[in-house]
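What follows is chain A paired twice: with chain B in the first complex and chain C in the second.
And then the complex of A and B:
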């Protein structure tokens, strides 16, 4: 379980998170939703120690993020963000291989190579392993970075907007893979999702943020109601039950 | 296991060194060889320092266009030199030449460059345009300050400053060379230990932190090591702005790998090759008609334009 307690964060005079306390249950997929500027990515960055915590506390399976050695944390959680600035020209295989760094620190062993193979296979990248990253499509790129996080073989996988810039087909395929990981792979996934319908269809737990505060949380079926979503996003939103799942209608 | 490309580069460099030492050897062989060996050592040392520091700097700053020199380091060197001439007078400046001045130069350059780098690194990483712009502005500032200081200097003392404005391998002091070599080896050993971590640094801050690297501390350490290397080479022979750019680009092109265990030696070897062959050709074939630095600046400058114009992705 990831526990967040009294987390506040300011950038300049703007308050991004305000005294936020919540739990992310172990196992399954937790989707963080909310309008732009609600603090979703900041929360993710604080949990993954990309941004130093100002006030409050985050614990991951009982280990305080601020106090635990960063090397040890890297064996508990992997983070894949949107903001990637890779300086060198990398092949897919090399990139995924770097995911093993927390385990070997520069001297890969057989088990590291095996883990890389598994991660490549899980995301259908085995064929593409010798291609350069800048020769890949957006969807393939996204997959390569998530495969790197997977190769890290951590209990927790944190994904910041993994579905960004993907078309319907690739977004669905990626989501199905992440879902399979959470089921068969035993990974607990926390992800920021913009399209509510993906959250409704695949997530086990929803966390909704609004202006740096917790708006609501719970199982999709219970919390994704027209009333709550309309208030959260400040617009008229309908929710219909289609195929046994809540489906959000926001275009009408 | 020695990499094939590195082996070829190494053999090439050995051949170039032999050519430099023994070609056109006549007269008192012992004396000339000693002279040439000193010069050769300086060339190799400066080459390795510039090559390695540039590759590390580009990895930490996450770009392939900027080098320490392009970020205003050379103009800073000239400013420091002109200020020294101004405060000590031309005669005093020449008098202090020696190990003491070398150490003073190195120390000053290290402190100044560290300030410069941290100033630029803050939130600028990844924002290439901002960094180029900052480099241009800082370089311009230092150059204007230098021009101002030069105006205050006695015209006869101006020639003293002029001497250090272009890199010269002509007169290298053996004591300085020995100090530089020791400094270089110490810094190189430190960088070599961090070479695998550099591969991770190249992924960018977020990924590196996610993989458990102490990124911020490591970046500072690396920049400190870079400034030491740059300071050593600049204090030894003077500024060679575009050599690093040329060498780093060639190294990436030759080894085609993200692994710094290969990139760093490749950069050092290539820099050595460029300098030794260039200097050899200048001395023996062209009869010292021009200086090596000018030619390197010319080709390096063209490459810089090519890179900035977007001939390649960064």
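And then the complex of A and C:
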């Protein structure tokens, strides 16, 4: 479980998160939703110690994020941030290989190579493995970075808007993959999603943020109602039941 | 062994042969080995000179790529970011204030000054908008120009301008056994950087990705900066800076092999060694029996390649 207690964050004079307390249940997928600027990425960054915590506390399976060594945390949790960007001229295979670095620190073993192969295969990247990152499309680049996070094979996987840039096929493949991991592999996933329908279809738990505060949380079928979503996003949103799942009709 | 590495080694072997056989005293390769006078020439002058050119080229190439990964910009290297100028300023300061300090001490002070100069540069570019990568080398050139001008002014006042000339322009004609050995230390430091190859590559992915992988980012940054400044200072102190090696070599190699230092660093070191040695050999031949400094030749060619990299076919800077 990831527990967040009394977490506040300010940048300059602006308070981005206000005294946030919530739990991310172990095993399963938690989807964080909310409007642009609600503080979703900030929350992720604080949980993954990318940004130092100012006030409050985050614990991951009982380990305080602020006090645990960063190498040790990298074996418990992997994060793929919202803006991966084209960083350097690495080959896809090498990039995904660096996902294993926290485990071998430069001396890969057979299990590390196997994990890389699995991650490459899971995202259709085997054919692209010798291509340089700066010679990929946006979605391919995004997939390479997610595959790196996946190759880390940690108990927790944090994904900030992983569906960005992905086509329908790869978006669903990604969701199916992490769903399978959370079921069979006993791994827990926290992800920021903007498309509520993906959250409704795949998530076990929903956390909705609004202006740096918790708007609501709970199981998708219970909390994804027309009334709550309309209030959260400040627009009329219809929710229909299709195939036994809440389906949001927000396109028109 | 990868193909680029093999080719680099072959080219290097040829260049070494050329370098030991060419010089003001015309001695055949055979005499260098059989004749006692020839052997003396070989070990006192030709081999040290060859080694000096290779060591400074290799270590400057390594320093250049480390800097590029840490700054996350392809167009920086010690001589375009104020590092070389700061090293010279430090050296000038010791020469003026404490001329009796032994060479290692001078080198240490020069390295410390280089580190400060680099820290200043990093603080400067932190304020630049990330979407304007070309601003980084431009600011670097202005910054090094300012430090360089200050150094020149001080040297002029103290009547030490001739020193600046030797530090600024890499030249190997004066290299003799006993007068260049500090460069082996530079080569050693650059070689040790290979142990950190993975870490530098990860740092090149940016701070957040590095933290995500559990890399001690601050420590890696410091180790990299210290490596760059120590190498720069040693090269400046012994033979003088060879500008653009750290820029041209990593750029060419990265185009072919990418940024995974574990694979590319040996090739970069080899190519740096080869190109500087080639410049030195060319400098000996072009106006025989007079010599053109290797730094001048590499500087002229390197500046042209630098401009081409900046302005030529569309390329991302990072």
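The rule we apply is simple: the second predicted complex is superposed on the first by the 246 of 252 C-alpha atoms of A that agree within 3 Å, B and C clash if a C-alpha of one lies under 4 Å from a C-alpha of the other, contacts with A are read in each partner's own complex, and residues count from 1 in each chain.
Going forward, contacts are C-beta pairs under 8 Å (C-beta built on N, C-alpha and C of every residue); 3 or more make two chains touch, one makes a residue touch a chain.
Just so it is clear, the structure is predicted and the values come from calculations on it, not from any experiment.
Student: With both structures lined up on chain A, is it a clash or a fit for chain B and chain C?
Tutor: clash
Student: Applying the touch criterion given at the start, work out whether A:150 contacts chain B, chain C, both or neither, answering first, second, both or neither.
Tutor: Neither: A:150 stays clear of chain B and chain C.
Student: List the residues of chain A that touch chain B in one complex and chain C in the other.
Tutor: Chain A residues touching both partners: 48-50, 70-75, 78-81, 84-90, 94-95, 98-99, 101-102, 105-106, 134, 149, 152.
Student: Flag every residue of chain A that touches chain B in the complex, lowest number first.
Tutor: 48-50, 70-75, 78-81, 83-90, 94-95, 98-99, 101-102, 105-107, 134, 148-149, 152
Student: In their shared complex, at which residues does chain A touch chain C?
Tutor: My answer: residues 45, 48-50, 70-75, 78-81, 84-91, 94-95, 98-99, 101-102, 105-106, 132, 134, 149, 152.
Student: Where on chain C does chain A make contact in their complex?
Tutor: 69, 72, 198, 201-202, 204-206, 208-209, 211-216, 254-255, 258-260, 316, 318
Student: If we count contacts the way the header does, which residues on chain B are in touch with chain A in the complex?
Tutor: 58-59, 61-64, 125-126, 196-197, 199-200, 202-207, 209-214, 252, 256-258, 313
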